[in-house]
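There are structures below to look over.
Two complexes, one shared chain (chain A), two partners (chain B, chain C).
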Partner chain A sequence: MSTLTVSRQLRAPNPFLILLNSQEAVLVIALVVVTLFVTALNPRFLEFGNISDILSNCAYVAVAAIGTTMVIVSGNIDISMGSALGVCATIAGTLSVNNVPIPLVFLLTVLAGGLIGLANGFLVAYLRIPAIVVTLGMSSILKGGLIIATQGKWIYNMPPGFALSQGNLAGIPNPVWIMFILIAGFWLYLRYTAQGREVYAVGGNTEAARLSGINTRRVILRVFILNGLLVGVASILFATKFSSIQSNVPSGYELLVITSAVIGGVSILGGTGSVIGALLGAIFLETTRTSLPFIQIGGQPVRAEWFQAIQGTLILLAILIDIARRRRMR
Partner chain B sequence: MPALLELKAISKTFPGVRALDNVSFDVNPGEVHALLGENGAGKSTLIKIISGVYRPDGGEMLVDGQPVQFTNPGQAQAIGIATIYQELGLYPELTVAENIFMGHMPRTALGSLDWKTAQARSRELLDTLEATELDVRARVGTLNVGNRQRVEIAKALSRNARLLILDEPTAALTSRDVDQLFNIVRKLRERGVGLIYISHRLEEVFELADRVTVLRDGQYISTRPVSEVTEPELIRAMVGRTLDNLYPKLDTTPGEVVLRVRDLHRRPATRGVSFEMRAGEIVGLAGLVGSGRSEMAQVLFGFLPADSGTIEVFGKPASIKSPSDAMRLGIAYIPEDRQRQGLITPMTVRENSSLAVLRQMVRGPFIDRGGEVSLAHSSVKQLDIRTPGIEQLVRNLSGGNQQKIVIAKWLASKPKFLIVDEPTRGIDVGAKAEIHRLLSSLAAQGLAILMISSDLPEVLGMSDRILVMRQGRLVAEYSRAEATQEKIVGAAMTEGVSAVAEVPTP
Partner chain C sequence: MQTVNDANKLRPAPPEEKSGVGPRLRKVLFAQESILALILLLIVLLLATQSDRFLTTRNLLNQTRFFTETALIALPMTLIIITGGIDLSVGSTLALSAVMLGFSWKFWGLPLELAVAVCLLTGIVAGLFNGLVIVYLKVPPLIVTLATLAIYRGFSFGISQSQSVTSFPEGFAIWGSGDVGGIPTQLIILVIATLIVGVVLARTPFGRYIYAIGNNELGARFAGINVNRVKLLIYTFAGFMAGVAGFIFTSRVLTTRADAATGVELDVIAAVVLGGTSIFGGSGSILGTILGVLIIQLLRNGLQLAGVTGDSTVIVIGFVLIAALLINNALRRRTVAR
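This part shows the complex of A and B:
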């Protein structure tokens, strides 16, 4: 309705509404509220070690959520991250116990992720198969292939230099450094480079983007490759967390990553969203998960299974807000 | 005798805006009453009140002299008010007869659905609309827009509609369908049906309507018998100021040949097209919807690369396989559907206006923000885009301003050859004149412009030369001096043309 449009333009912007329109702001507020609430119940929650653990533990989700942000913004979806993570982690572990130099192990692991992304991207962009079908198939292939290749054996006795996630620099855990550096880099990339802008254009309106001279297929291929490389990095953070690697697929990982992005304000319909939001989403989820044992109900700590239900509620809520916001725009 | 419908001092306020302020309006039986106004003038709100979608905040509505209050559209329908909206409200998977009797299917004595009666009565209704060749068992999804509209009208008549509201009924029709629609409207009028007719095309109002009411910014401006008003008077009433000229075409001397096309083929819609364009020329490309005009333009722009044929740009053979190839050669294409093909609606004015030159705006690794901001500001200024600022999302702007942003995006690429496809469709008169002025001055600066349009006065008013397309071929060419509406329509339509004209629109 054009008349309503006029009214929206004329009305003085309400600062509170602007704040609510920014999902990042909503998440920061939610994060503060949850933290204060849990700390009030149990002051140990706010100890430095715990906060550092939360950030460190969510790094492998947040890094993949950068890739998922780009994939969803471009109007696609990837649900093969869990399988890709399992495959890459197994590759990393296997290479390292076979005495491949550690830097080369990490490089090859990231490239393996990129290769999976390349395959996904090629099928989506050039053979025009819907992303959900491609990545569902890819997920199944990787999962099956992994079990056939390893029989689900555990990998032990990785060399000492392999434990990247367990180290720290200047008192800050390595995964936190890696997470923040990648977030900063991709924030700049998406917001300030032509390639980044093209991702938003393709997701906002593919046909208009193509008619504006943007090579939309190449953009989608590039997004999937970057996503794959980031999953490769995430898999290193994941594989080096513990002293053993179970060579199978962690369940629910893709949902965790997608939920982070979506509650971070990445619109499932494409075209809008930021990596900062996805980072906050990942931190918020991890905070919620960590806080459950700190809360006592009837003398018992809250069971971890509640996290699944909370996560599901959050993703539905986030999508509802996204849709409501779009309706209001109209 | 009381009026069929009478509105007295109707007002309607939405949060923050007065959509209708004290508007009065009436329709008599057997009358076509045109409702005119720019986008946002309040026409849509008014018809939604009449059809029971909105409830007015103030004022009175009378049907046959009796006060009525509708709380939902069903009540308006029951009293005999039917609205044919721009987006037709039919079920494409169902048949013609099923659509016509949707919700009030005749029953047999046993209470089961009576298909025979439904089909027979559908047949009768369509026959009265001169749609004798339309099969009542055909799926509506297979029909073209004109036939779907007839089904919609038959559906209204099946409910004994006494007042029919037609909202921009000709916007998507071919000129042949328009003629048939006009016949139907006249027939209904003879039968005593009252009609409210909404259109941006003034010539239709003069051809069809008995009276015309103008709204502006939610205010009632005037109601006059059509025989007593002139076109400039109506435009002045709608725009609130005098528009000296809707088609401000400047004289130009064509320069060098910018584009030469020979025997261009692209199955199925482009078949052996040859023509050339010179700098400073505006060439109008007319033809029916489905004649292959837009497809041919998209071949030139590389969106649908050619199967065969040659394209020369400034005398050099060009290979155009993608839009980016075309852009490198200085070709720009402003598509007909700005929502679907022109704009990235979740993006801002700034981001949209730099989109076609994004790669040139990069400094080091990043987009040159300062350059982008100044480009956006100069676009807003040059095209007089009405927006609160360059950071406004384009979806919040009016149609005319959105169209200007699409044009701005392409002017930023400094094209030598510009293709515009239906540049002013669905845009109000004021913005239309501005876009015409802009095209004219661009041509005067040496740009070659190919203008595709179904709006014949626009083609005649703006073109130096007119090409007519039919069934994928160029069939006629007229100079500005020799072209007339009759010649163009004659060339665009001949016997046996219906196969192409009836291409269903997606």
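This part shows the complex of A and C:
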């Protein structure tokens, strides 16, 4: 990793290219372009209420995207977040309607997420099964288990204190606070602590990390547990958004989270990526989604049905940029 | 009521046949396929004692209608996983092909035969696109097909505007719910496809190239194998087979919906991995994959007969997938030790 940095510094500095070297900068530019474009069509887009809605709506994606960023940086992948989110949200709802004190409900929900992460991490790190297969399998176990346990029944009448996502502090919605605090915390953790650097080391070159004395298995296990805990937090934000919980697996959630992380600049080859990028990715996705009705093609607004196609195209674009960048740095 | 003999007939290919090929009986007995065949037999016996509706020709033939689409896609998926790749976009490709079938028939006014051609062509183009990005832009297959999973599904929703196309003419149903001499039409298609892919993989140079790439891609390149062409071909083939599955699916349910076959990639990958194909590439067989498909479908059917509701049977696939890999790992360790 250090050789790459050196070679980059040796290059003649072209300000534009340096800017493009940071995925965060690319995303910020894209975000500004989309915002300006839509604001030109509808000035109300920039109102405080709309912006705080966008941030609040993407919080449950951004929080899980922190975990996914760590998992991908460590050279693995998780596609079971959707099912885990559904299971944790149902646990939260069920506990709260059974009069368990609200703080305990939230604690147990986060722990349930951590337990799922522990199972994933143990299978990946210690039993050496590829993460894609473990989490594919975990996803269907959780999904099937959820249907068997709940028979698809919705949960209503949660106690009033449960509606965490609907409240706000100093005019800013609670989910936005939680999102920014977690992003800041994990940014510091990944950047400045030894444990955080170990994640990058393992993802950059597992063998080198092992030879330099890092317990690579424990690092991967830890990453998966943290990821699970974060999904637990995300599930609370998700479950408390509405007055009912559907007891099912929200479709396409894992794709939203992975897209956020990947367009945020985490390299699918492992070793690089930041949680700030993941946050920007989640905000960018939500902004794009809310902008769709404003964009006209052939006199017709773009229908919401196209969002997934746009999302997939964004993943491909981000990957191509990542690959082009790597080639230039070499 | 049911006898062991009845159950024996269900075994698609008795592993004993292989003893003529390999001199060591022991090797045959411990092959993944033999173990799978044994597991399959046990499941059949177990289910037969649980429900007397299970071991009837009618139920068993009827079951084939449900796994044909999975099995058709599992064939190319086996080839892809043997090369060390993966294709997560097959379910979306199936849906997009089916949507294009309905759309071109209903809104472009194409005759049904041409609409089927459009369906297959859609699959081919989708697979080719995957292959081109993987081969020429050198993006890992996992991430390319994760992106195209969203793209193709998004196109299915966008093109169909979430509307389903129905009221296909009566004769169209023959491919999905008709039969030839009592045997479901799609089962015949599946058997033919399985034989072709099985022979190509096991008995032709092209098949050996696939194993070579999975074992050591660089080595394969240096040995003069056109790795790019092989990969391009198998990803395109996967798209084509997803198109065929989309066609049969449409003929079976007589409606095209954008959310068709969501998550079918999980069934397919589970079957292939359960069938003994290494997720790291380099080994695997078509016989194993077919046994994997059968085991998963029978387990699902068994659960349904036992009163577990449809959607929750995915739980079986999850456990089977992880258990299969644990067993694979253990077996491999033993082979290495010996």
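Operating definition for what follows: the second predicted complex is superposed on the first by the 313 of 330 C-alpha atoms of A that agree within 3 Å, B and C clash if a C-alpha of one lies under 4 Å from a C-alpha of the other, contacts with A are read in each partner's own complex, and residues count from 1 in each chain.
The working rule: contacts are C-beta pairs under 8 Å (C-beta built on N, C-alpha and C of every residue); 3 or more make two chains touch, one makes a residue touch a chain.
Note that the structure is predicted; figures quoted are calculated from it, not measured.
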>> A:288 in the overlay: touching chain B, chain C, both, or neither? Say first, second, both or neither.
In response: neither
> Touch check for A:260: first (chain B), second (chain C), both, or neither?
Replying inline: neither
> Of the two partner chains, chain B (first) and chain C (second), which one does A:123 touch, if any: first, second, both, or neither?
Replying inline: second
> Where does A:251 make contact in the superposed view: on chain B (first), on chain C (second), on both, or on neither?
Replying inline: second
> When both complexes are superposed, which of chain B and chain C contacts more residues belonging to chain A?
Replying inline: C
> Once the complexes are superposed, what residues of chain A are shared between the chain B interface and the chain C interface?
Replying inline: none
>> Going by the contact rule set out above, which residues of chain B touch chain A in the complex?
In response: 14-17, 19, 39-40, 42, 44-45, 218, 301, 303, 322-324, 326-327, 333, 335, 340-347, 351, 355-356, 358-359, 361-362, 365-367, 369, 388, 392-393, 395-399, 409
> Any idea which chain A residues touch chain B in the complex?
Replying inline: 1-11, 188, 192-194, 197-198, 200-201, 204-205, 207-215, 267, 271-272, 329-330
> Where on chain C is chain A touching in the complex?
Replying inline: 86, 133, 137-140, 142-144, 146-155, 157-158, 160-162, 258, 262-263, 266, 269-270, 273, 279-280, 308-309, 311-319, 321-322, 325-326, 329
> What part of chain A is in contact with chain C in the complex they form?
Replying inline: 77, 123, 127-130, 132-134, 136-145, 147-148, 151, 251-252, 255, 258-259, 262, 268-269, 303, 305-313, 315-316, 319-320, 323
